[in-house]
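In structure tokens below, several structures.
Note that chain A is present in both complexes that follow, paired respectively with chain B and with chain C.
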Partner chain A sequence: MSAAKDVSVSAMAGSRWRVSEVAFWIVVLACPFLFPSRYLIMTDILRLALFTLSLDLILGYAGIVSLGHAAFFGVGAYSAGLLALHGIINEPVLALIVAGLAAMVLGFLTSFLVIRGVDLTRLMVTLGIALLLEALGERFSDITGGTDGLQGIEMQPILGQFAFDMFGKTGFWYSLIVLFVLFLLARRVVHSPFGLSLRAIKNNPLRASAIGIPVNRRLIAIYTLAAFYAGIAGALFTQTTALATLDVFSFERSADLMLVLVIGGTGYLYGGLIGAVVFKMLQEMFQEITPQYWMFWIGLVLVAMVMIGRERIHRWVLWLPNLVIRQITGRKAAVAVPETDAS
Partner chain B sequence: MTAVLETRELQKSFGGLKVTRDLSLRVERGARHALIGPNGAGKTTVINLLTGVLQPDAGRILLEGQDITDLAVHKRVLRGLSRTFQINQLYADLTPLETIGLAVSERLGRGGDWWRRMGTRGDVNEEIADILSRFHLLDVMNELTATLPYGKQRLLEIAVAIAARPRVLLLDEPAAGVPESERHDILAAVAALPRDVTVLLIEHDMDLVFSFADRISVLVNGAMLVEGAPEAVARDPQVKAVYLGEGADA
Partner chain C sequence: MTTVFTILFDGVAYGMLLFVLACGLAVTLGLMNFVNLAHGAFAMAGGYVCAVLVNNQGWPFFAALPLAFFVSAAIGASLERILYRHLYTRSHLDQVLFSVGLVFMSVAMVDYIMGSSRIFIMVPSALEGQFDLFGVGIGRYRLMIVVICGLLTIALQLILSRTRFGSRLRAAVDDPRAAIGLGINVPQVFAFTFAFGCGLAGLGGALSAEILGLDPYFPLKFMIYFLIVVTVGGSSSITGPFLASLLLGIGDVAGKYYVPKMGPFVIYTIMIAILIWRPNGLFGRGAAR
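Our next item is the complex of A and B:
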């Protein structure tokens, strides 16, 4: 049946790799060779990118807003820290997965509170859970180390082979591989029937249930998966810095995350990655110009971005390259703006 | 004849306002049943009660003899009770292919499939293609729904409901707002619905009702006023009074 074939081809078109995507990852791969002295900040960006990818899964695809995503980051971070500190699981990759699962359990349990209610309720509930965990961390300072955090974490070599070095080279490659693997998984998920049903739920939950979609079950599933991602990001933080302090749960971390995603754009997976790069670069740049007031400038950029609109900025940025291409080739240039940049 | 959809003394109030009063409705298997009534008669509330968006204060709802009163919305759909929407509730930034794909995936139990990509399951693809071609949407299957002509959107609306392979289909004003030139396609699609699908039509347009329905229930102030064959309902003095009193388009 040829119509079914057409349907199949069209349905799969969305999940096909685009040239721009391949180019993106080639650029990422080139970075360690271009900036061999900047492993630490690049690792920082990768962690933030993974953390933001987690928020994108729930916000960009399922429409769940959160101001407390640091809760899962923190649980991942402390799980990895405690596992290493007490020598429970010494192998980092295994510890990473266990830490992710710990965050996932918390995500599953709290998802029932988050899925009900409207945006405002969700903001408050997520914020509340993160604050709660931070307070618990302070209360049980004998376990968490209180405000000093976990002291003396020593990381064992990855898979017993690759020791963490002081320049952060191992940590960088480790983080990059983890990010890429989880990105591939996320890409798979969002292009599945499950992922499509999330988009339907985000757009109109009532309509989605009238189609036969079990809305709550889907939301619980994606929230739980996102918690796993955030937990992994937190665990990477602890493993690559050998630190875990209570500010892993902090409100600023959750709020920054929202900023990063808004900067990069929601609902096309690359928003988190691009946002993380832009955010960290802006932070570096502004911190150099004005160490005390860099947050002011970040805020200004954010306001400008929201007022002007990201699409228009993309068009301005691409104006010159497009003009050049037009002059040389004499035809309309391909615009490299993400197609489904629905924010 | 057996009732495939039945309500027993359904009641619903909003505050002190009774919007559904002791409504007992029987829709026979294979029927083309119309539910009509003036504005504010409570037709929308009846749909919301039947589909599970609202919970009744009292009374039961039975689908093929089974009590579905406490079932969630999506579970009723999977049991075979599907609906169309009166105002546009389609996914503007999805394509017809994706929209139908959603419904077909859920019906075949593949909707939770997070590992296989869309388009990789033969049974799903074939069913999507079948529905799209039946509703003349194959040629526009990759266009965004928002860009489709209104008539095509209404067809897609019916197609999504049919994709759930319902045994009872609630049609909520299928031709509302469709320009005269595109009306014919909608009416043809409604007329061509398979006979094994029982249809409950909620409609204002009396031409459509009388050309389509073999049984009519008239709802006034949330209660059943008259029920019967179209000719009987048309002659009924109470019905005339309601519609003439309203000065409506009867």
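Our next item is the complex of A and C:
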């Protein structure tokens, strides 16, 4: 068998839908019927999941550590807000795509800065870009509304059919469909030869370029795609909450995002989704204990996760599901421990 | 014309302050390749120690400064022994997550203990106001900062270049493996340097309360500034970060004076431009590890 065929067979095998994946989405679909009164928080989780998926694409698959991913989220949020506020594009789905494209353009332009240099430089440049945008937003407060944010955004019905209601039911289904479509796309991307080459780059950029992978071009491509995803997440935020404030660019948002991804696990697509659920639940819990100081607990979780070791925690969590699967199907565990990342 | 000199002077004072705040971080990054985003937390600790001593206990300002140094150094040393040393070999992602977690915890803790409002340290009256020197307005407090930080910089340079410890440290920064092979106890050198750097940050925090403002969000607000000093200055010598801090200080003060509306825009743009031009910093070595 030739090498190319070998790769395609293994890639095809990897991209097959597993039972656990189908089960996961069935559970997601069941959620609105199980908790009909909690649409708003569930929409919040979906949005966060999409945003985290975007970070996973660059951090988990390509190994780019970003401290300023909120930049793209913010651009998407403001694009969607401005489009709706000035009535340029009234149709939400179209506005969503345009907002995503705006973030994508920024992602493409800044990717050239990000592919240069080592981890530390990347951290600085990504953080710097987010801060720069925040400063710009403050400077041009006549456009962005300054610290008050954009006010009086009125969303038109989706596709002219489904109006946003006050319980957030439409917003929820809208977000869920967007998330699912983009998830399918991401799934396709990471299981393609392109996605495999990204993993090769992450594990060892030098070796990857030695076997003929155009490292920089691949990184630019995935960074741009991730920016598109983050922009869509930001636009969803604006559209479902009718709000866009300057804190969309804040460092805390980028840092929280990393925590979400790390909770869920990097380098597999469900990490972002699971992380978003766990993070929101943790946040609710901490806010109930100490409303003002929940930052402390988030910090503690971060420190504890790193000290114990992320892989170890994921092994503990996956022990029970794996045991169950082994007992039922009598084969090797289907729920994989996410990849460890190369330092 | 005189305003130019005043701005220059203020910028230098600001820059020197940033240097004292950030030089510990330069060593951490250069020696252990450890991305410590929590460096500002140690500075904040020093600032609050000084504030409590001066405002509540009635200590004289100059007596409280050394204590700010020692308390921060002690916190740094104990955290290094308990937590940091386990993470030197881990990935940058882990280090970032860990130090961001520390920052969040420190912010919430200070907020809980001291309240979220900005704190002022009562400065002795001799340091208030400004005087004219050949028509250039010179703030007394800023002059004191320039003097203290200038002396510290000279002392640091002497320690680094003249003492046995300094040569060990330089050897360890240049090539940790070879240094270990030569019998230098690199972890010990590092632990000491880390504590010393935290102490300097604490001292800087105490001095900066008057100029930068001191509130629980200090570590988050100035994190980027410390990182700029280190990444732009490079971590191979003490001169690089020093010049980078001066550049940053003068740039920031001048930017805020001449184009106040652009705010921090100027600094970030300069930083990004420099990092594109020289990804390893203005004064950095060729290849980073």
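Assume the second predicted complex is superposed on the first by the 298 of 343 C-alpha atoms of A that agree within 3 Å, B and C clash if a C-alpha of one lies under 4 Å from a C-alpha of the other, contacts with A are read in each partner's own complex, and residues count from 1 in each chain.
As a convention for this text, contacts are C-beta pairs under 8 Å (C-beta built on N, C-alpha and C of every residue); 3 or more make two chains touch, one makes a residue touch a chain.
Being a predicted model, the structure only gives us computed values, none of them experimental.
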item: First (chain B), second (chain C), both or neither touched by A:116; value: second
item: Touching partner for A:124 - first (chain B), second (chain C), both, neither; value: second
item: First, second, both or neither for A:259, with chain B first and chain C second; value: second
item: Touched partner set for A:214, first chain B, second chain C, both or neither; value: first
item: Touched partner set for A:300, first chain B, second chain C, both or neither; value: second
item: Chain B versus chain C as contact partner of A:312, first or second or both or neither; value: neither
item: Residues on chain A lying within both footprints (that of chain B and that of chain C); value: 342
item: Touching residues on chain A, where the partner in the complex is chain B; value: 1, 3-15, 188-189, 191-197, 199-200, 203-204, 206-215, 217-218, 221, 340, 342
item: Residue numbers on chain A that touch chain C, as the complex places them; value: 59, 65, 67, 113, 116-121, 123-125, 127-129, 131-132, 135-136, 138-139, 251-252, 255, 258-259, 262, 266, 292-296, 298-303, 305-307, 310, 341-343
item: Chain A partner contacts - residues on chain C that touch it in the complex; value: 29, 35, 83, 86-87, 89-94, 96-98, 100-109, 111-112, 220, 223-224, 227-228, 231, 261-265, 268-269, 271-272, 275-276, 279-280, 288
item: In the complex with chain A, residue positions of chain B that touch it; value: 51, 53, 72-75, 77-78, 82-83, 85, 89-95, 97-98, 101-103, 105-107, 110-120, 122, 124-126, 128-130, 132-133, 138, 141-142, 160, 164
